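Next come two complexes, and both contain chain A; in the first it sits with chain B, in the second with chain C.
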Partner chain A sequence: MLLQGVSALGYTVPLAVVLAVLALLVGIGLAVMFWLTLAVSVSRSVRDTRRERVQSDLRDQLLDRMFDPDAEWDEWVEGLSRRERSVVESLLDEYLREVDGRQAERLRDLGTALEIPERAARRLGSRNEFDRLTALTWLTLLQAPETVQETDFTPQTSRERASVARLQYENGTLDDPREGLSLLLENAETEFTVFGQDTLYRIATDDPGALFDIAAANFREWSRPLLIQVLLVCRHLGTSVTTEELSWLTVTLEHDSEAVRAAAAEALGNVGWRSDIRDEGFLTRVVADPSPQVRGAVYEMLADWGDETAIAALTDSLAFETDTRARLTGANALVRHRSTLDSAVARGFADTWAWSSEHAKYDRLARTGSRVSD
Partner chain B sequence: MGGEVLVVDDDEPIRMLVSHRLRSAGYEVRVCEDGREAATLLEGGYEPNLAILDVMMPRLNGTRLLRMVRNGELPVDADLPVIMLTSRGREEDVVEGFESGANDYVTKPFRAAELLARVQKCVAT
Partner chain C sequence: MIDVHSLTHLMLQVITWFGLLVIGYYLVINAYYLSIHVLALLELRDDVQESRWDPPFREFASPFYPGIGIVVPAYNEAATIVESLQSMLSLNYPEAEIVVVNDGSTDDTLDRLVEHFELEEVDAEIPVDVPTEQIHGVYRSRTYEELLVVDKDNGGKSDALNAGIWLTDMPLFCAVDSDTIIDRDALLQLVRPFLEQPRTAVASGGVIRVANECTVEDGIVQSVALPKTGLPGLQVMEYLRAFYSGRLGLNRIKGLILISGAFGLFQTEAVREIGGYRHDTITEDLDIVVRLHRHLIDEGREYTVDFVPEPVAWTEVPTSRSALGRQRRRWYRGMVETVVSNRGMLFNPEYGRVGTVVFPFFVAAEMFGPLIEGIGYVILPLAWYFGILDPAFFLVFFLLTTGFGVFLSWFGIFSEVLSFNRYDSPWQILRLLWYGVLENFGYRQWKTVVAWQGLVEYLRGVDSWGAMERTGFKTTDD
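After this line comes the complex of A and B, so read on.
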C-alpha cells in the first residue's frame, strides 16, 4: 500500500507536498552550488589574468635588479602593490631554486625586503602543518635557519623533521651529521616523503657510520615502510661502510616482511668485502629464502659482491632455482658482471643465461652503438 | 662579444633567466621549449653559434638532440658548441653528455657569471 502522507506533531502532510519541498530544497542547493562554483571560477580567472598581466614586467624588473649590484630592493618593494608583491614572491620562489652565487645572495636580500622571514616565523606557530612546512621551505630557500632557533620551533611530524634537518644541513648549522640523522630517525615511526628520504640520504653520505649506529639502535621500532627506506639509503651509500656494526642488517634478513628482507639483501650488496657478514652458513641460509622476490634480491647481492665465492654460490643456486622470475633476475645480475660463462657452470639455467646474454648485447647496442664481443 | 645562442629548456624561469643574461651580454638569443621544437628550428635552417641544452625535456631530450647534431641528422654544423644544463645530483647526465659530444656543462642551480664565462669560452673557440 502506498504511503499517503507524513504525520508529525499531530499533523499529516500529503506525500506530494513533502516530495515537492524536498525537490525544491535540492534544487536550491544545486543552484547555490552552481553559482558559487561559477563565482569562484570567475574570481580566480580574473585574479590569474591580473597576475599574468603584471608578471612579465615584474620578471624583467626582477632580473634587471638581480644582475645590478647597486639596485636597492627596499625602494622597489615599497613601490609594489599587494598583488605585485605576491607575484614577485612567486618569481622569487622559482629563481631561488635555479640560481647560485651572487645572484642567489641578491635574491635572498629581496626575500628580506619582502619581509618573508618575519612572516615565516609567525607561520611556524600555525596549527596548520601546511603553513608550517611552507614557512620552513621559505627559510631554507632564504638560508635563514636562525629564524627557527629564535622561535623555539619543535618539529612535530616526519615532514617537519625532514624540513628542519634539511634547513640545518643546507646551511651548515648541524653540529655534525649524527645530529641531523637523530632528528630524522630517533622516535620516528612513519615513513618519509621522497623529500625526507632524499634529506636522509644526503646527510647519511657525510657520515654513514652514524646512520648505521642509529639504525642498529632503533630499527625494531620503525614501521616496515620506514625500515625499507633506511635500507634503500644504506644500499646507495656505496662501499664507504668500513667499521660499522652490520649485524642489524643481517637481522633484517630474517624479517617477517619479504619486502624488508629483499631491501636488506640489496643493502648488503655494497659490503661483500666485509668478512664478518659472509660465512658459509649465512650464504646457505639467504639463498634458501622461501620468497622468490627475496631470492632474486639475494642473487643481485651476490652478483654485486662479484668474487669467486659469491659467483659460485649464485650459479649453484640458479641451477636449482624453481621460480622463473627469480632465475631471470639472477641471470640478469650475473650478466652485468660476466659476459661469458662456462657451459658446465651454466648447466641448469642455460636457457635463462642465453636469454639474459642476448638482452644485454642488444641493450648495450642500443645505448652505445657498439657490439659486445662474444 | 656577440653571436647567436639557442637556449632549449622546458623550464620557463630558466629560459627567461638565461636569455636575459645572454642578451644583456650582447648575444642574440632564440629559445625553445623542448628538443623537438629546437630540432624543427634547426631543420628550418637556423644556425646558431652555440646551443645551451637542458638534459631532461619532454618529447626530445637534450642528449638525444645533441647526438642528432653530432651525427649530422640536422642541417647544422656538426661541431656546433653545446653546453648542457644538468641538475645537481644527476652527475651521470654529465658523463652521458660528454660521451654524446657536449663541449661543456653547467649544473643547476647555477651561477649566471659561470654560465656566461662558459658561453664566452665556447663561442670564442
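After this line comes the complex of A and C, so read on.
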C-alpha cells in the first residue's frame, strides 16, 4: 500500500503535505468544537443558575404586590439588578397569560415600570422578524396598542399581520371587524400559523358576514392551504351568517381539490337554514361527489343541518353508500343528532349505525357517569 | 504454477486500490455529513427562534387543533401498561383519543386494562374492514371517554399499529411505543406542521431521547441525567448526532426519510392509502416514511414530511451488549429490506431530491458505510502482517474515520447545547464529549461487526425481533 502523493492538473502534492493539511483541518475543527461547546455550556449553566437563585424570592415578591393595591412597582423595579429585572420579565410574561381583572391591570403597570413598551417600540424596528413578533406580543399582553401607532411600523409578514390584528382585537381598537379581517386576508399569499387562524376566527366571530364578503372577493386568488384555513374558520363561526353572499362557498364545492371540497361542505354545515342552497338539485349533486372524503364531509353537513329533510337525505345516502369509511363518518355524524333511528330507516347501514350508537353510548357514559340508554 | 512474486504484486495492487477507494468513499461521505450538520445548525437557529416566540393566545381554547389518535401497540406489557396509559391520558392536547392494541398478549395485559379503566366490550360488529389478524373485541371505558382498547390475535407491531389506524376516527395518528414517555406539551408542538400546512403535511417526527437514569414521576421526566454507564451513555451520543442533528439537516433540504417509530405523527388517511404498515418488515418506521414519499410522488401530490426538534419522547435504551446487538442487527436487517424493496427510488429523478440525493447517500452512508469500514479493519492488520501497510494510508484512514467521527459527534453536542440544552450541567456535557471520543475506540468497530451480522441474517431470511430487556425508569424513590 504505497502512496506517493496526490496528482492533479499536472502537479503532484507529496502525501506528507496532504496528511499534514488533513490532520490540521481535523485538529482545528476538533479544538474549536470542543472549546466552543464547553464555553456555551458553562455560560448557559452560570446564567441559569444565577437566575434560578433569585427566581423563587422574586416570584413571592411579585405575587405579594400583585394583590396589593399600592404595589409601587417603580420603587421595586428600581431596586432590582439587571438580571433580576430579566427574571421578573419572564415571570410577568407567565402571569399575564394566566390572570385577568384587577391583578392583570396591576401586572400591566409592572410592565410599564420595567419600560417594556419603550423597548418593544424600539424592537419593532429590528431586522429580525421574531424580535418584532416578540415586541407585538408584549404590547398585546400589556394592552398597549398606542405604542404601535406611535411608530411607523407596518406589518410585513403573515405572522406580523396576525399579531397586529390580535393586538387591535384584544384591545378593542378595531373600528370594525372588517378592518382586522382585511389586514389578515387582503394580499395574503401564504397560509396562517394556528395563531393567525385563531385570530381570524376571533375577529370573524364578531362579524361573520364581513369574512364571507372578503372571501367572496378574494378566494380565487388564495393558495389552496389558505383557502382551506378560511373554510375551516367558516365552519366554526356558528349559524349567525346573515350575508347574502354564499355563492363562493358553493363554487368551492366544485373545486378540483377534494380537500377544498370537503372543507367547503363542512363550512356549509353552518348555513343550512338558507333555502337557496338547499334545493334538491344541490343535494343530489353534493352527495354524489366521487370522493368518499368529500361525501363524508357532506354527510357531516347534512347532520349539522339537522332538520327532517336533511336527515332524510343523509339516511337515504348512507343506505347506498359504498365506501365503508364515508358511511361510518355519516353514521357518526347522525348519531350526534339522533340517539335512536327507526330500523327501517337504518336498513342498509344497520351495522354501522349499531357501532356508532354503541360508541356514542360510552361517550355519554364517560361524560355523565351514568348510562343514558342501553 | 503462479509466480509467488506476481501473486504478492497482485495482492499489493488490490489492497492499494481498495485503500484508495475507501479514502475516496470517506471523503465524499464526510463531506455529505458535514453539509447535513451545517444545515442542521441553520435549521436549529430558525426553530429555536420560532419556539421562543409564544404568541398571545390560549391554545386550548382554539378549535383548530385536529384530533389525534395515539396508537399504542402492547404485547405482554402487563407490568407497565396502566402507568404508561395514565401518563398518556394526561397529555396536554385538546382532542386526543388513545387506542391501545393488545396484540395477543400471553400475560394479563388486557385484564389489567379492563380492571383499571373499567372497560366494557362494545356490543357491535366493526363496520370497516381492518386488514389485520383477527380482532376479538373492542372495549370502551366507562370513565375515560378518550380510551379505546382493541384485543386481537398476535400479528406483530405493524399489525397492531394498523388495527389502531383503521379503528381511530381521528384525522391524525401518533404511533407511540407503550414504554415511551412523552413530554406533556409534545403533541401541541408535533402537530404544528399540520396546522401550518393543512392537508399537505403527511408526517412529522419529534426527538427521541434516552431516559435511562432520568428521574420519572407520574409519567413525567422530572430531571434529566446522563447515564453513568458506558453503553447507554454512548447511545445518548449517537441519538444526539444521528436522530437530532442529522434529521434537522435532512429536514432543511426537505429530505427526511425516517421518523422514529417511538414518536411520530401521521395523516391517518395517507397511511391507510398505502395499506398501513407492512407486516413483513421489522423497521416499520423507516419503511412507512419511504413508502409515503414514494406513493405521494407517484400520485403527483404536494406533501411535506417534517422534523420538529422541540417535542421530546423519552425511551429506555438497551444496557447490555447482547440486547443492543440484537436491536442493532434488527435495525440493519430492516434497513436493507426497506432499501431493497424501494430500490426503484435510487438515483431516480422522478423522486426529486429524495431519489437523487437523500436516499442514495443514506444507502451509501448507513448501509454500505459500516460494511466498508469493517473491511478496512480487516485489511489493515492483514496489510501490516504482510508488510505492505503504508503508515500514510493508516493515518489518512484514521483521520477520516475516527478524527472526523469525533468532530461530527461534537457537532451534534454543540447543536444541543446551543439550542434546547436538556443536559444543562457542563459536567454532563464534558462527559458527553468524552463519550464522543470513546465511541470511536471499540464501540464503532463493534457496530461494524454487528452490521455484517445483520447483513448475514438478512441474507439468511431471519425475521425475528429479539426481546428487549427493560430495567424500568428511575423514580424519586430509587
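Brief remarks follow.
One rule holds in what follows: the second predicted complex is superposed on the first by the 354 of 374 C-alpha atoms of A that agree within 3 Å, B and C clash if a C-alpha of one lies under 4 Å from a C-alpha of the other, contacts with A are read in each partner's own complex, and residues count from 1 in each chain.
One rule holds in what follows: contacts are C-beta pairs under 8 Å (C-beta built on N, C-alpha and C of every residue); 3 or more make two chains touch, one makes a residue touch a chain.
Not measured: the values here are computed from a predicted model.
Of the two partner chains placed around the shared chain by superposition, chain C is the only one that A:Ser45 touches, whereas chain B remains out of contact.
Look at A:Ala216: by the touch rule set out above, it reaches neither chain B nor chain C. When the shared chain is aligned, no partner comes close enough to touch A:Ala113: not chain B, not chain C.
Contacts of A:Leu80 after superposition: neither chain B nor chain C is touched. In the superposed model, A:Thr193 makes contact with chain C only, not with chain B.
Judged by the touch definition given at the top, the superposed model places A:Leu63 against chain B, while chain C stays out of reach.
Once the two structures are overlaid, the count of chain A residues touched is higher for C than for its counterpart among chain B and chain C.
Of the two partner chains placed around the shared chain by superposition, chain B is the only one that A:Gly101 touches, whereas chain C remains out of contact. Overlap of the chain B and chain C interfaces on chain A: residues 97. Every residue of chain A that touches chain C in the complex is listed here, in rising order: 1-3, 15-16, 18-19, 22-23, 26-27, 29-30, 33-34, 36-38, 40-42, 44-45, 48, 93, 97, 128, 130, 133-134, 137, 140-141, 162-163, 166, 170, 191-195, 197-199, 201, 224-225, 228-229, 232, 236, 259, 293, 324-325, 327-329, 331-332, 351-352, 354-355, 357-359, 362-363, 365-367, 369.
Per the touch definition, chain A reaches chain B in the complex via residues 59-60, 63, 67, 91, 94-95, 97-104. Every residue of chain C that touches chain A in the complex is listed here, in rising order: 12, 15-16, 19-20, 49-50, 52-59, 62-65, 120, 122-129, 140-145, 169, 192, 195-200, 269, 383, 388-390, 392-393, 395-396, 399-400, 403-404, 406-407, 410-411, 413-414, 417-418, 421, 424-426, 429-430, 433. On the side of chain B, the complex with chain A involves touching residues 11, 13-14, 16-17, 20-21, 24, 108-114.
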